[in-house]
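For clarity, chains are labelled A, B, C and D in written order, and residue numbers in each chain start from 1.
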Amino acid sequence: MAIRVGVVGSDGRVGQAICHAVDKADGLELVARIDKDDALQGLVDSGAEVIVDFTHPDVVMGTLEFAVAHGIHAVVGTTGFDETRLEQVRAWLADAPRVSVLIAPNFAIGAVLSMLFAQQAARFYDSVEVIELHHPHKADAPSGTADRTARLVAQARREAGLPAESPDATTKALEGARGADVDGVRVHSVRLAGLVAHQEVLLGTEGETLTIRHDSIDRGSFAPGVLLGVRRAQSRPGLTVGLENLLDL
Amino acid sequence: MAIRVGVVGSDGRVGQAICHAVDKADGLELVARIDKDDALQGLVDSGAEVIVDFTHPDVVMGTLEFAVAHGIHAVVGTTGFDETRLEQVRAWLADAPRVSVLIAPNFAIGAVLSMLFAQQAARFYDSVEVIELHHPHKADAPSGTADRTARLVAQARREAGLPAESPDATTKALEGARGADVDGVRVHSVRLAGLVAHQEVLLGTEGETLTIRHDSIDRGSFAPGVLLGVRRAQSRPGLTVGLENLLDL
Amino acid sequence: MAIRVGVVGSDGRVGQAICHAVDKADGLELVARIDKDDALQGLVDSGAEVIVDFTHPDVVMGTLEFAVAHGIHAVVGTTGFDETRLEQVRAWLADAPRVSVLIAPNFAIGAVLSMLFAQQAARFYDSVEVIELHHPHKADAPSGTADRTARLVAQARREAGLPAESPDATTKALEGARGADVDGVRVHSVRLAGLVAHQEVLLGTEGETLTIRHDSIDRGSFAPGVLLGVRRAQSRPGLTVGLENLLDL
Amino acid sequence: MAIRVGVVGSDGRVGQAICHAVDKADGLELVARIDKDDALQGLVDSGAEVIVDFTHPDVVMGTLEFAVAHGIHAVVGTTGFDETRLEQVRAWLADAPRVSVLIAPNFAIGAVLSMLFAQQAARFYDSVEVIELHHPHKADAPSGTADRTARLVAQARREAGLPAESPDATTKALEGARGADVDGVRVHSVRLAGLVAHQEVLLGTEGETLTIRHDSIDRGSFAPGVLLGVRRAQSRPGLTVGLENLLDL
């Protein structure tokens, strides 16, 4: 029997893409589209088993409280979850032991795999740097994914007993040439017409380098990750943070 | 106390590089250099605890039998180990339960990580192809590493229930354009002056691609893998095939 | 004053994209959209000075004859122009010395620049190979652009006195591994979900390589080349074959 | 008859590589090796027709004055030639109209071609950025070649009427993330173990990008450029600055 899915924030650009992806996915049925003028009760009335929420930090907590209270699983791509908010979600889930909530900052499987592989490889290499390349309309530099990748790699280096900083004999640098310093890892942000969203993690040691590159040319590249989250919702009660926990690697 | 290391095949190009690497490595001591005119007894006399053998299929079995019989661990990069030979090694080791033998077709950590990551990622992607690029003096195409990578990826696809072949609507192809077919995976071999040894695994699904690239510009890039094998020898009795088993991923 | 432009084949996917590009371009005015049910006379009635034709080999010659006869310049991306057809166009133009016709197999400026640069660089390098990478729905391998690039590079090698084939010591190859042989140049065709249209020309000599890569992620990447052709139409009477002749390099 | 070549600074690492390259080059004869304890008169005595000088700013002017005065051509890779020095060289050459001096900051043909192609392509693209990647022992960032490439590209943009800066909507950046600003062009410097000397120029416009990448894995990659300079010395009297002027593109 198909899993019954409700999409919250269904009229936005991302929401529409998710509705479309759910609609054509095997084994899933789109039963509710909820946008800002619709009552959440529509989720219950339609018999939704899982909701997908890519909305706004201002409204997501209300939606999550409602979903958990009604025994509906949630797959959440909305940003802004700090430790306080995660604690609140855990508290709600304590009273609903069969309900699952997946919150992930990035649903692009390739981006998540890139981060995982970079982390795993980091301890075998003396050097690591990150280059992220995006379209020129992006407001922040580095990207959230690059920032997170750098922090994960930095942590892997610490755990392996490697120095925080990669070897670097630079004594004379133009300002900015060596990139941003994120937890000891250099991150370079390229902004170029004709690009969409790309990232390279470069790892090097004597005589060899390993490069993990992710290219996303479609803002819909989060869809496979969302569908995976929906499909695994029932089998993973409680709070899960990060898509990587669903990849069984 | 330093681990006492003997290098067999010490006068060849690879052997010399290994001697050099052992010599400057922390915690290792080079105590014996054995080449074709030297008696293996030199290993015992020098108190070698671990040998490194990058020699020839014709002589490696004799050396291994000697080492195991004398309680010396072995790290082996020599090729030609089929199942019959591996069985023989296991039989010798059955009588020497504290001795370890590591046999690996590839000691370049980056190449080994590339294969592992390609395998792990394969099940999330519709398509996968391999491009390997080498100097023009190479005799075989594809490279052994590319062949092995393709086979591992093909197996990962099978295990995930993916079709053997990536989607491909080609109806009109010039002979060879689509590469070699290794277990359903297309492999392309580039030979170019100015290159050394490089490989890219390209994985793709709707809207995104993941590329795992390994560049080796120094034939000494096997050294870190060999040193890792030497350091772990004592703690891993029995036969281990493949460096990936030492990476703790 | 704006250049008055008519688009022939205006209702197809490419035609619509061209209409859109002309519409928003500075200094151009879209005055006629002609599709298969419309009379070519509409071009004259609307006062079109230049037409853009991305249609079909079956109809393009009639359109061109009409345009030249009425003193209208033409920018043509339709395929199928062999020497016989080009001769016919030259004959028509002989009677209309102020009219220009630009026929080009590729209007993506990046693809055209890639070919030019590859040609210019070829004589300084021992080795050259081409890798083209496309979405898996493509029917032919190698792509037309890769085939043409290989032929131009092969010609540049001949003119520089280089051997037709790059150095290659391969003695043991799996069928297809070394790619297709186009005029002595090896061409590799990758087909991968998540890609659109990409090409790399790799040139190598002792110790260094030069790579010219073109990525097109939008089938509308021909638009800038078309607009360039339209703007230069008046100043370039006669037949021009190939966009490269307009780039003033 | 072979061209008679003298190498000044013959005992240094670069000088030795040049001696080696001259020695094995067809049509060239190495007739003099001059290092700091040798008198320049040795060049005259050996009948050198062309000298190659990769030495130091402190001594190169004396050597050049001597060479020009004795009718010997010079190919110079020594750095530090400002306009004052170039004027001085021109003054010496005014009295020796058949003598040629070639001074170039970069003799790697691939690096020179990269710069040329980047310049030629720049005016067709909205955006351009430079990434240079080097071994971690390098002292300056960005590299001299990247700095020069950025300046040439910036000049090409100005000449084409393009704005100095590529489009960039960044409003929130970590310090250094967007690289160094060289004449309006963003330049990123990566330092990584396992690399030698690499550079990418990325050019982009709506829907497409063009990447020109140069990889040098051998510090001897200047040799082909030096040999080209030596061979063309006789046919190019006067002062020539930059190898690009010898490439006949």
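Convention: a contact is a pair of C-beta atoms (placed from the backbone, for glycine too) under 8 Å apart; a residue touches a chain by one contact, two chains touch by 3 or more.
Predicted, not measured: the structure shown is a model, and the values here were computed from it.
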- Note on the structure: Intersection of contact sets, subunit C vs subunit D, gives A, B
- B-C against A-C, pair bridged by the larger set of C-beta contacts: B-C
- Over half of the interface residue numbers used by both subunit A and subunit D, so same, or under half, so different? same
- Query: Just curious, how far off is subunit B from subunit A if you go by their C-alpha centres, in Å?
  - Reply: 34
- Just how far, in Å, is the C-alpha centre of subunit C from the one of subunit B? 45
- Whole-Å gap between the CA centroids of subunit A and subunit C: 40
- Considering subunit C alone, which of its residues make contact with at least two other chains? 194, 203, 205-209, 215, 217
- Task: With chains as vertices and touches as edges, which is it: line, ring, star, complete or other?
- Result: complete
- Task: Write out the stretch or stretches of subunit A touching subunit C in their complex.
- Result: 194, 196, 215, 217
- Message: For the complex, give me every residue of subunit D touching subunit A.
- Response: 125-129, 131, 133, 136-142, 147, 166-182, 186-195, 202-209
- Note on the structure: So, in the complex, the side of subunit A touching subunit B is made of residues 108-110, 113-114, 117, 120-121, 124, 203, 205-218, 220-221, 223-224, 247, 249
